[in-house]
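The chains carry the letters A, B, C and D, assigned in the order they are written, with residues numbered from 1 in each.
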Amino acid sequence: MKQGDLILLVSPKGKRYLRRFEPGLVLHTQEGMIRFEDVDAAGCGGAVSTHLGHAFRILRPSTYDLVKGVKRSTQIMYPKEIGYVLLKLGIGPGVRVVEAGSGSGGLTLALAWHVGETGRVYTFERREEFFALSGENLDAVGLSDRVSRFRHDIATGFLPDGRIPGDPLTDPSDADALFLDVRTPWDYLEGAAAVVRPGAPVGFLLPTVNQISELLAALEPSPFEDVEVLEILVRRYKPVPERLRPEDRMVAHTGFLVFARHGGRDVYRRPEPLPPPPPGLVQAAPEAAGTTDEDALPD
Amino acid sequence: MKQGDLILLVSPKGKRYLRRFEPGLVLHTQEGMIRFEDVDAAGCGGAVSTHLGHAFRILRPSTYDLVKGVKRSTQIMYPKEIGYVLLKLGIGPGVRVVEAGSGSGGLTLALAWHVGETGRVYTFERREEFFALSGENLDAVGLSDRVSRFRHDIATGFLPDGRIPGDPLTDPSDADALFLDVRTPWDYLEGAAAVVRPGAPVGFLLPTVNQISELLAALEPSPFEDVEVLEILVRRYKPVPERLRPEDRMVAHTGFLVFARHGGRDVYRRPEPLPPPPPGLVQAAPEAAGTTDEDALPD
Amino acid sequence: MKQGDLILLVSPKGKRYLRRFEPGLVLHTQEGMIRFEDVDAAGCGGAVSTHLGHAFRILRPSTYDLVKGVKRSTQIMYPKEIGYVLLKLGIGPGVRVVEAGSGSGGLTLALAWHVGETGRVYTFERREEFFALSGENLDAVGLSDRVSRFRHDIATGFLPDGRIPGDPLTDPSDADALFLDVRTPWDYLEGAAAVVRPGAPVGFLLPTVNQISELLAALEPSPFEDVEVLEILVRRYKPVPERLRPEDRMVAHTGFLVFARHGGRDVYRRPEPLPPPPPGLVQAAPEAAGTTDEDALPD
Amino acid sequence: MKQGDLILLVSPKGKRYLRRFEPGLVLHTQEGMIRFEDVDAAGCGGAVSTHLGHAFRILRPSTYDLVKGVKRSTQIMYPKEIGYVLLKLGIGPGVRVVEAGSGSGGLTLALAWHVGETGRVYTFERREEFFALSGENLDAVGLSDRVSRFRHDIATGFLPDGRIPGDPLTDPSDADALFLDVRTPWDYLEGAAAVVRPGAPVGFLLPTVNQISELLAALEPSPFEDVEVLEILVRRYKPVPERLRPEDRMVAHTGFLVFARHGGRDVYRRPEPLPPPPPGLVQAAPEAAGTTDEDALPD
């Protein structure tokens, strides 16, 4: 193990502790002391004994674990939404994505993980206590390097004064994607349109249908198109082979997701005609690839 | 635009064409010819006119678009499952993940996108037609470099004969994660346990409850722990601000997801006692971080 | 079989025909002629052959069959809502219930069936074509006797001019329950409060969340209390024992249900004190019986 | 109010007490004494004050209230299932329905309410404590008259020894419908087929998918046809007009419902030809009425 590696320690009762590896560290838990020399020797996937004899499992935390593990003082975004957002927004290595508000940093953390060392997350938070909290959570998982954090009110847009234009560390301009988890996103559409590149996908999370209606109304005259509204439900089952059935209860609602795309520039009109193309470069279009509709029947 | 860049062309009626940019290419569609010089000049987020005057939008495809766009001849895995799998399996830049069967390559594509240039996907497919199809789909999106494809029956395990032990291109050993979308996954648990590193998360997709029961029964004596079973539902809404309501119909079922973790090695026992730790390195464990339970009430 | 008995004939392909028994009747179908002498001889639960040799099953239609079988020219109310409404509104033998609009008569039919010969349904419909259609559907199932149908605009309340006060055939006053399936129910709350007895349960069906919000806002200052909003989803499974799984698709939305209770009169204040009660009539209250909350965990 | 009338008293905090009206009765509650003279004077829909000044509302309980109010010592059947069962089984005034096990009597109560004075419920329960409990619950709501209760093991069928053949009070033969809420319903299909009339609808409730598979397998060679499997979900909303959204959590599972129909007799074959029908009695069949499929799109 290397200094800074993320590890998840799971107690016999299932309590979980997220730490970054530090040689020689000793951790006090309710079930006794854990020495990180032992953790290193046991390795991920192994288990160590506290000095009282209780066995803790050592795991590499998944992104799911990281998201669920953030110190929270407000409602976090759930994995069931985050996973879908990653796909709809095309988040991946090298992507530059804008996010507001930072909140507890759960989504920030997942975005930071997925954009990798070559991408960047620009996250905005107006409230001091959340700005601090999200920073802590990012540090705790060692992902702060790829995140530019702005304590800034997005009412004035997503281009903070202190930025160096064109400097990817401080300037979010031409971002590849944007996500807003704020109470009144319709107030920030103009700023959102100004910070993302044309055609960029954007997303929103809102708890009430009233807010969805208001956002939809604001999206209509905006540069954003292809508006979708959806909700995601996860139902778990009791994993008993001979008595398999759903759990008694489930989360009924976390928030509604809205997705759209920046409409982009006007139709391009060629100033002068082009010469006819060489025959070898004329191709028939492949059959239309897929649809935007999740509802298409499986084959 | 650069040679090989992925672009999505959307016709006025919403039909979508996924292509890789090629200078000078001319595409024939039902609405007329599109010249890629124009596409380049318009840029992503812009739009071009066919020679018949129909405007096509030019977009950078999201991962969602790529997954939905695979040429399919069997049921693909849906974005609603893929997003969740990415998080549960900790997929991200640098991760090495094993997958079977390749099928049409939809999941392979998403995994390949997310592991980045430093990660790798090892995908196994027994059936010739799907092996070919998944290869085509990966080539179409330019992600073949990061995927080691094996035409191989996983009944003999996930360590193909031709591999060079320790060579990340050909040897999947010590993979960080594994996903099986096959009809009888219980037949491959031993092989799965042998190819992943201890503590690695694994996932399965199955269509029927009978298969879930059979898998759960096989998982009980296996090295895999922390078994979870769940299903994900997405419900869309008609995005009309003053008449907001869910769509009439929705996808009721694609498949059930099962997640587990390789149990890892035995509890590590230190051969000789360690000296007492220096005071500065003794820390109280932070409050237990999160739970594995999605059902926890939002704050 | 007796004249007027409801029978359901099901063709080999599953097409269904709802008829009332008439001795000597001959029915022409695509698969041939069916003679009702044969139907009578075969009896409910039996089957008859058309003159071309195709076997039709003879069933007594369930209420579910009747509701699904109404001739419709607008969206009907689904069984999944109707069943719940019956329970929330306390519909049963002897109950007097007001309903608007009649629409195609699907709910009217179910209410009429359940109130029996001693109850009554008072149904209001403003539009001529639906007034006629609902009448036909009620006649078709022989339930018209228990329904007082009013072609009347409920904007003027639920007490039509032509009524004879106190005559249960023409006067809906002091109804036991009320249900509104109309576009703007908030316009009729005053009339609704005036026609039901104090404490009566009432229900509403609305398709959009905007309408729900508007209704909720109107209910706040109204005499109606205990407001509940809910939706009901039914998911079917492929009934194959060894490959049991949900169907691919399902109905995602029909309408939202709102329930409330007329608040009743003020707190009763006894004009003069009562003498102390004889000991034998003093009882401890039984443990509180149940809750209004569907969410209570099963035991 | 009349002796025996069902009333529901609701405390200021929402605690509910189900009683049958008895002149002169005094009820002790935590908030003080309630005198039934006052309840009578206030009337249903009114409210009374305890001697300590707390106001209790007086309501006529709906069937929903009655079902939720049963003294339970086992999992009851929920209203969301009961309502649907009433429609699928054609329960209504005059219907004779068989039920097992009685359990706490929740379903029994709803069936008894709906079959009216001319119908009858035949309920079977093997376990003494539940036989007693269900009896109490039925007495508490004054519906015992219409219920024939049998303390009897249905392994020997639904035709108890003590019955007087043809006597509707003691003989369930030729029942119109049947519902089984038991652990191994496949053991009782033969008895079920023997007690219902041909073509009768039957229903089952089971908690696990394993049991559903086993029941489906047993239904295949049985006289029962038209097998359907489904589940019902209810999601509630916070009834706040300007902040309308679903509640955080919901019941995820109570049980799966299975419906079928007794297949009936063989195809009837007329012994001798009938004379040709008089012209006036030949009718074209009306357009096929509805379908059995809940999935049909709303118009």
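By our rule, a residue touches a chain if its C-beta (ideal position, glycine included) is under 8 Å from a C-beta of that chain, and two chains touch if they have at least 3 such contacts.
Computed from a predicted model, the values in this text were never measured in an experiment.
Engineer: With contacts counted as defined, which of the two, B-D or C-D, has more C-beta pairs across the interface?
Structural biologist: Looking at B-D and C-D side by side, C-D shows more C-beta contacts.
Engineer: I'd like to verify one number: the distance from the centre of chain B to the centre of chain D, where each centre is the average of its C-alpha atoms, in whole angstrom.
Structural biologist: 47
Engineer: Indicate the whole-number Å distance between the mean C-alpha point of chain C and the mean C-alpha point of chain D.
Structural biologist: Result: the chain centres lie 16 Å from each other.
Engineer: Which chain D residues reach two or more other chains?
Structural biologist: As it turns out, chain D has residues touching two or more other chains at 209-210, 213, 235-236, 242, 244, 247-251, 295, 298.
Engineer: Using the definition of touching given at the top, classify the network of chains in this structure as line, ring, star, complete or other.
Structural biologist: It is complete, because no pair of chains fails to touch.
Engineer: For chain D, which residues count as touching chain A in their complex?
Structural biologist: On the chain D side, the touching residues are 207-210, 235-236, 242-253.
Engineer: Looking at the complex, which residues from chain B come into contact with chain D?
Structural biologist: Its residues touching chain D are 209-210, 213, 248-249, 295, 297-298.
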